[in-house]
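Structure first, then comments.
Labels A, B, C, D and E are assigned to the chains in the order they are written; within every chain, residues are numbered from 1.
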């Protein structure tokens, strides 16, 4: 028989205001096995833990139940507390009477009754708990960073500087990401390339960093400390070891009509290309769908002009299999598709563009060589309208429910840059709210208004109507002036909502990392563990976790790196002891459990056993504890009940069911 | 129907640790109320739930059992909920076959981010069970009166 | 191919030609419009109030009648189409309206929104296909520059009407193209003509129609086509030199059945 | 029959097999029993007639542990059970010498009785059956005396064997799922009344479990303490009520639909209905599946597709 | 006060719209073709409902200027459906005795030869009980 102690937490008033904790204590005392019960203001505090410790000693407790917040919050806390006072940490169960009770119920009697039942279920379970010993697993001292934008680069640099090997996998031909497409950055207006390219060079030259560009993660298996990853290195059709990056092939390539991804389709590129001049590696790839040689078999110009003999049409995709201890996701973002926002005439007029497209227009290496001009007729615009929140803060199915966070600031930047360079151009910004929390952010926005004369109007735009004369009629509301505005513009720029890069879905599935309804990766805790995924060993860097600007991204990238370094610094990890365990006297050796095991943790061996005096050779299931992650799929497949899950055994769960239904 | 208004059903909710239990936590921290009739049992994965647990609950007097797991494709253990889906489809179909009201059992996929879905699901499920009234059938399958 | 057909009251009266051209064209295209035996006026506008049931019943009757025959229900007039589609959506998705309407109606078989409501244009696009239509054109309208005027009722709310992209529709342009003419795209084709406001405030409607017509003319339109008698009425009131036709008139013309239609 | 017996004896005598697993003559034609024969002398009792309905495959679990090979007589439908046991490593193919015996549908004395005959003294296994009763002689058509399961015969082919003996016939002349469909069409109240009436007859004799080739656990979950709460009495109401549902679930996707459960039930509970309901659902949702047809096939409940139906399908009009 | 609340609640019920979803972006007003004719502007409708001032809405010209063209409904990023709110206010008025905006005797002079039936029935339904 267990000797159980029950500890009911007030959590200040979080629990105590809705649950009669004294009543819970009183009721718990009547449960079988309970020899001690008490309540306290904050069980998780030092004093609360000391109280638990004292009770363990004084009452020789063999198991404890803490009625408190979610086990996802403090299970670890109370387990280490138990351990400190000499109790096996797996003899602790939590009754979640906060998130699942006090916070969602108003009626005290009802909430108290429920808390008593939840406590009863936990007590019933702990009555059947058995001490468990955590095993150990090794840590591969190498990290994988998925995504080679500023987030991925920064994370990789920080990990590498701490002395660990890092691989970056980037799906495009060059690292650099979205930041490389930007012209200037807020709130300092320094040139994006000037601050990014040195980091790209550092990463490329770092002895601990290996960069796989034009590559994608194809398969992930294993678990924290010991992931095995297949990386598909797509055929570049150019031998990187021979290419000198002279660029002649791109110049001579006769197929030049492919929309440039880097320039957001505003300009064209050749079939053999590097996305931009400062690309790293400076090795072009052949786009096989655009290449004449690949389409028709004729051409081969690049091969002829390449002095280094680097062109290799026969190159094949290569699969690289590598082991990693930690994985960082830094897959970044894209702007949403605007095909459902035709009231803004994005698909009807070339002069309606997104802000990211404007970055390319403003950039000296962009499609207009940095001249601000209309993409329809090349004329210099005199009147430019910016529309905020296009697809952000939308409750309807067309857009996103969240604020994209960066648009207010980059619009102020664009407005300022235009007014600075072209003082005769009028700039009007239609906004709903101007959101500028951040160091020097509001000052920046105010400068746009006060020093640069940017015209900010509070009110959303209803329609952009292209006019026969080529101008755009913008129909908007001025809410502060209570009037409807109809103004002609030469260009309209849409602050388009951002969303996680679509590739993140597949990656999240491979990593079994959870994502939210907007496809942002979920953090382990929104406040306290913001750079970790709930999946152990998977970390989050940059916009894949939520909208953020460059400084925040860099900060988070560093934070993710620290978490990775902390993990890689360990030689061994303790493993989850809640693994499957077969009862050899009941096992039929039928083989069904192995069929449903996602980790290949179950094998069969023929063993001599003694079944109540009968000695015989039997085929029996064996579980590899290092591989088993404790899902329990096998336990249900097993008809005889031979396979059970430690910590969540059949009897424990049935005891909980019984306690609840009693 | 005044009986049903008084009726407080016993409802067992099995929630997987990684998605649905976290979704329930989020419902809690977002103060999204649902009836106290629902009591949650934490399991590592929805695939840990043995049909025997569900039958046991009914036999012990539960009026409804709901099983929540990660969305298919998002299982923390990659494939667990796919097995759950087949097993529960079979079990529910059998219960329906023997005449147990099919509204008493349900599977819902609730992610860690879906606090709202967790709460609305539970509200909806409780309303359904209340409308079905007390479960007597699984309790007296062999006891013909 | 046979469809149930709901002409609506305007088509029985002021817009007889809209109807006649459509019937002749349908015949030429090989499908049949079978008029419901006993239909009542849809009321012209969809009753927006969630508590309005009685005003929706005439639509429900028509929908249920088509259901009994197992046919899709085709309409021509934008207003009737709007009302029928939205009432149908209510019957399929709004439990309260469904229950109450069925309680009133006492049909043999409860009606739950199963009838497919199609606009004549949708029949051309989805059932016949514009490619087939193109093949059947005997009298292509080559060289004519025609602007589509959609108005509000066919498109909005997009979620319920699901007719075409409410901000950048394509269907009438494709239709014009199939007839051999050149579609003129202009931004005001989905803005309101003023609708029923023209009864008491004709000037308001006139202003709106002027904007529409000027925009269309600016982009080179020589004529407008519409599916709505009220839109046509309002547009005609500006007395501009831009003719406004029912889309079925051009259809009949292109199919070579215009004369015969009016017999 | 004489040929089969001679062949078995031959194999026993030349040492190919150490024993024969077949049927032993009973008191009457209609009650032969499964038996092992280890000697030529014992083989005198060997019989194979049209009343030899028992599925012998499950006996091979024990036989697999014995020295030497066992000759086992399997009818076409039994061979599916054998294969399923093989797939689950419960028996050793090397320990079996399979004679696939011919079957033209097996007879049931219960069916003869159901035809209204009382005081049966003897019966033949011929077509028609000649029945001698206290009240005179009678005849029963062969089809009418056939087991229910033979009316939904799996076919005349053996899926596994070493040699074949005798002719088989596909005797199916009924819709396998007709009864299931009839129940599906009932209202919940009718369904419940039906099953409550049937299950209330159960005396928990375990005959169904003992005969079932899929119920091959060394120790049944109902006999172990693996699922009990701490304060449980030895036999609690839980297993009483849920036994058949859980048993059906445990064999779902593994049951070959051999029909032995219903054949041996002394209370005449149509237990095969549970299994067939699962089989019907599996076929409808996950594709046609016959347990035991292919040793390497993935079982429907140990595999999945990402596009599987949601459990909600049950309340949304059911599985059709 | 409670009468005010009741009316506001009625508007919410009849319209089925939730004014609290509004983020005051003004897209409805930006979009409305009758904007210039309205005294209370579309984006203000929700504020009136939120603070329960249905009386002012009922008195407003806007009630009779809305075309039910659903442009505001279509473009509203928050699914507030201002067009339904204004219709609900209109319903409250016309359902009261004497609330008809269109009197039978007004009609004959308004009718011209081409006027489609559709126009009359539509105006009837929006303006009269």
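We take it that a contact is a pair of C-beta atoms (placed from the backbone, for glycine too) under 8 Å apart; a residue touches a chain by one contact, two chains touch by 3 or more.
Just so it is clear, the model here is predicted, and its values are computed rather than measured.
The chains that touch chain A as well as chain C are E. Looking at chain C and chain D, the chains in contact with each of them are A. Set against the C-alpha centre of chain A, every other chain centre is closer than that of D. A comparison of the A-D and C-E interfaces places the larger number of contacting C-beta pairs at C-E. Inter-chain spacing, taken between the CA centroids of chain B and chain D, is 35 Å.
The distance from the centre of chain B to the centre of chain E, each centre being the mean of the chain's C-alpha atoms, comes to 45 Å.
With each centre defined as the average position of its C-alpha atoms, the distance from chain D to chain E rounds to 73 Å. Once the centre of each chain is set as its mean CA position, chain A and chain B turn out to be 30 Å apart. Touching of two or more other chains is recorded for residues 343, 463, 596, 637, 650, 654, 658 of chain A.
Multi-chain contact residues, meaning those touching two or more other chains, occur in chain E at positions 71.
Each of the following residues of chain B touches two or more other chains: 50-52, 56, 60, 73, 79, 83, 87. All chain pairs that touch, listed by label, are A-B, A-C, A-D, A-E, B-D, C-E. Interface residues of chain A facing chain E in the complex, by the touch rule stated above, are 343, 389, 393-396, 398-399, 432, 458-463, 475-477, 479, 482, 484-485. Across the interface of their complex, chain E is touched by residues 8-10, 13-15, 41, 43-45, 47-51, 55, 77, 79, 152, 155-158, 166-167, 191-192, 194-201, 204, 208, 228-230, 233, 236 of chain C. Every residue of chain D that touches chain A in the complex is listed here, in rising order: 65, 87-90, 216-221, 224-231, 250-251, 298-299, 301-303. Interface residues of chain D facing chain B in the complex, by the touch rule stated above, are 180, 183-184, 186, 188-197, 199-200, 202, 221, 227, 237-238, 240-242, 245-246, 248-249, 252, 274, 277-278, 281-282, 285-286, 300-302, 304-306, 308-315, 318-319. Contacts from chain A toward chain D in the complex involve residues 32, 124, 127-128, 583, 585-592, 595-596, 604, 611, 616, 619, 637, 639-642, 644, 650-651, 654-655, 658.
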